[in-house]
Amino acid sequence: MTLFLQQLVNGIGNGVVYGAVALALVLIYRTTGVLNFAQGEMALFTTYLAWKFARSVPVAAAIALAFVIGFVGGAIIERVLIRPVEEARSPLNVVIVTLGLFLGINALPQLIFGTDSQQMPKPWPSDAAPGDVVGTTRAVKVGAVSVSWAVIALALMMVAVCALLWLLFQKTRLGLALRAVASNPESSRLVGINAGLTLMLGWALSAGLGAIVGPLVAARSTGFDASLMQGVLVFAFSAAALGGFDSVLGAVVGGLVVGIAEALTTQYVDPLNGIEVLLPLLLILGVLLIRPNGLFGRRTVERV
Amino acid sequence: MALLSVRDVSVRFGGVVALDSLSFEIEVGQICALIGPNGAGKTTLFNVVSRLYEASAGSVDFDGRDLLRLAPHKIVELGIARTFQNVALFPALTVLENVMVGAHAHGKVGFGRGLVHLGVRSEETAMRRRGLDILDRLGLVELAHRPAAGLPFGTLKRIEFARALATEPKLLMLDEPANGLTHGEVDELGTTIREIRDQFDLTMLLVEHHMTMVMAISDHIVVLDFGRKIAEGPPDAVRNDPKVIEAYLGAPA
Amino acid sequence: MTTTRASGREQAGPATTTPIRPPIDPKVRGLRIVVGVVAAAAALYAPFYFPAAQNKVLSQALYLAIAAMGLNLLTGFNGQVSIGHGAFFGVGAFTSGLLVVKQGWPYEATIPVAALVAAVVGLLVGFPALRVRGLYLALVTLGLAVLFPQLGQKYVKGSGGVPLLQPSLTDTKSLLQGLADDQYAYYLTLLVLVIVTLLTWSLVNSRAGRAMVAVRDQELAAATVGVNLAQVKVLTFAISAAYAGAAGSLSFMIDRVADATNPVIYFQRSIEFLVAMVVGGAATITGPIVGALAVVLLRRNTEQLIEGKPILSPALFGAALIAIVYVLPEGIIGGVRRLTSRVTHRPPPPSTLTTTTSDTSV
């Protein structure tokens, strides 16, 4: 039982990461209709920035700075690279641009900061021996189960982000504008919404979210390099598909499902050893067959 | 005997009742018009007959056959064709190719033959000739090799008409064919519809808002309001029916 | 009582003077012939001109073209976006690999088998794909591409227990005297490409090809004129998978390996096919060929430009991709068509892949 709970906790830890990246994907998709393959690499770049800043300022401040840069950067990318291609109404072209971004943004931090593995200081309680910049994460004991502070921090972040986003989308005019533009950009312009700004905002929020998640993921392990987000991306896509690509709640739930399923499969289902990725994939296929728009996605209605 | 027999058809979308126990019949060779205020359920009825919507209740018989068991791509084999209110042409194809797709049910070349070029040449030639004939009949032949995208709405409507004719139907359902036409063009359309009915031996069901044209060419009119039939009969009877006047203009003060 | 259907008696008229095919400007026709002859000559002569290493690269471009052409059928002409065609490619590669290495088959005989096996897998995927639209379909196919090497890890034991199969030197030797192995491999690949191109040309210009496009652009209207949506979609899936499988089989000969040790390799392949298709021109026949050549050339050049800073190479490649998509939103062939239409003052053929009912957005 303890083992089960322990694996559950691990799964939640991973699940929050997948869910957060899925959330960033969904944000961009909901506001601009683009599937952003470069999501992980954008988070990677801001992670490197946070690491760099953390050499001079406390790590929390470093992450905040990285957020700001990510926010602005995301907006610029949308305006300069994505918008012109998107307006030509060819979604495949947009995919190619995000792929190009994937390659470029992955290379950028390696060019600037080098290819060596780096260490991210931990923004949560940890034990550090003298001279150890990074330290090891402390854990909280709940009964017999050890819950790492990393998982707690990730979970807290997730809750905060979801709450803020919910407030934004449901309770502010800006959020309403975001939803309107996602649904129908032309009509939104006609009622005076600055569609351009809202498109940029979608990307900005998403990149900013990545700037928070990335460093947390990096801090969770003993070191990170340019491949930090690549394992996460496939699971994030799966999580977003599982939850329904136009649902914020779906992304979070999807992430948790995928993370927990992965952890439990690794532990308990031995024949699948080595192909753990099979389970989330089968899960998604199963869900999509029953609910083709994901668990929480909305049915698209075609008016004939 | 009735070609199309709609009996007690109801369509519900959640709480919304789009059609409420609708019954009417169309005789062979008739031009029947389906009229009524917006939202009355006219296009819904079209969608039920072309099997794009499921009926919640009732039955539809065509030529003695039960329609509601068929898959959407099978109804053309029975001889039913339709056009769409907002035009559903294939923008990447030329005008002629659009019409050729209409003849899909009469072709034989599938993936197997298509890949190995078996019978392709002869089928293509025959289909192209036939398509040009139909385009000519509707005055569109000069546009044959132009991409369908970007043409004026009224022209697109006529191309859709041509595509529907290419299916060689017995019953042709036109959804607002006069949309986007000038008054002169509407008159022309009315004449064309009658001529085509005679020439191709068709039965027609129209959804239309241009009352002058409807009154001029229809043999039979069915009036809907809020999904229910409120009147039915030849143009003169319907024109003077107080319920119809009330539905369109409201009750007298 | 059923009524008989009239076929419509028409009067003789101007329909008979309109050509049944769009007239081609003689300048354009002339240009096409010249380009075609030059390309054919270059293609045939190339392996004698270039050294073996270069021939290998060219052969790789050719099998990439075959796979991209297959993807183009499904995604370009039929609108079902797949970023998992690498999986079918892998199926083809491993089918050939297993047959040659474990069963001792002559290599050439495995090519059609690989295509067939891939087609069957394509059929199996095509059916559930009917339920899943656009974006979700793309993600499911992505999952396939990621799953495939994992399955390979589990079930294929090649040398050293990893899913890696390699032919012995004699297995894929040239069958023709006078040709070096690399030249033979090139010609074999070229032959398959030519065959596949002819098949594609025939299909696209037939009733079935029009049905594919109709399903892409207005599937409900297509159904009302008698197109069986499920049949068209599933068969297109199967055929496009077969192309990718054949390409995979050829890759076994050219690269001398079927390798599933890298978990993202078939995903990368899938992306390669997609890029080649889009860069060359989606929903065109020659687009994937041009695109494949462009992609391979581009990769070589960005690799050579930066000796010593290998990180820059993917960055440059990525930047180049973005630039191409900007300058040529309809791909290279699309751009060529626009150019010729401007020169001849005729309207360009219908846009290769404008999105009206866009499948990848809600």
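Order as written gives the chain letters A, B and C; numbering starts at 1 within each chain.
Everything below uses one rule, namely that contacts are C-beta pairs under 8 Å (C-beta built on N, C-alpha and C of every residue); 3 or more make two chains touch, one makes a residue touch a chain.
What you see is a predicted model; the values in this text were computed from it and never measured.
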Farthest-lying chain, centroid of Cα atoms versus that of subunit A: B
Most centrally placed chain, judged by C-alpha centres: C
Averaged-CA centre spacing for the pair subunit C and subunit B, given as whole angstrom: 39
Inter-chain centre distance, subunit A versus subunit C - centres from mean C-alpha coordinates, in Å: 32
Euclidean distance of C-alpha centroids - subunit A vs subunit B, Å: 49
Set of subunit C residues in contact with two or more other chains: 220, 353-354
Per-residue multi-chain contacts in subunit B, two or more chains: 52, 84, 88
Subunit A, residues touching no fewer than two other chains: 304
Contacting residues of subunit C [partner subunit B, same complex]: 1-3, 5-10, 13-16, 18-23, 198-199, 202-203, 205-211, 213-214, 216-218, 220-229, 235-236, 239, 283, 347, 349-354, 356
Residue ranges of subunit A touching subunit C (in the complex, touch as defined): 29, 33, 35, 81, 84-85, 88-93, 95-97, 99-104, 106-108, 110-111, 115, 230, 234, 237-238, 240-241, 245-246, 274-275, 277-278, 281, 284-285, 288-289, 292-294, 298, 300, 302, 304
Subunit C contact footprint on subunit B (complex, rising order): 1, 3, 28, 50, 52, 63-64, 71-77, 79, 81-82, 84, 88-94, 97, 100-102, 104-105, 107-111, 113-117, 120, 123-125, 127-129, 132-137, 141-142, 144-149, 163-170, 199-202
Touch list for subunit C against partner subunit A, complex: 75, 81, 128, 131-133, 135-136, 138-140, 142-144, 146-147, 150-151, 153-154, 220, 264, 267, 271, 274-275, 278-279, 282, 309, 311-312, 314-315, 317-322, 325-326, 329-330, 353-355, 358-362
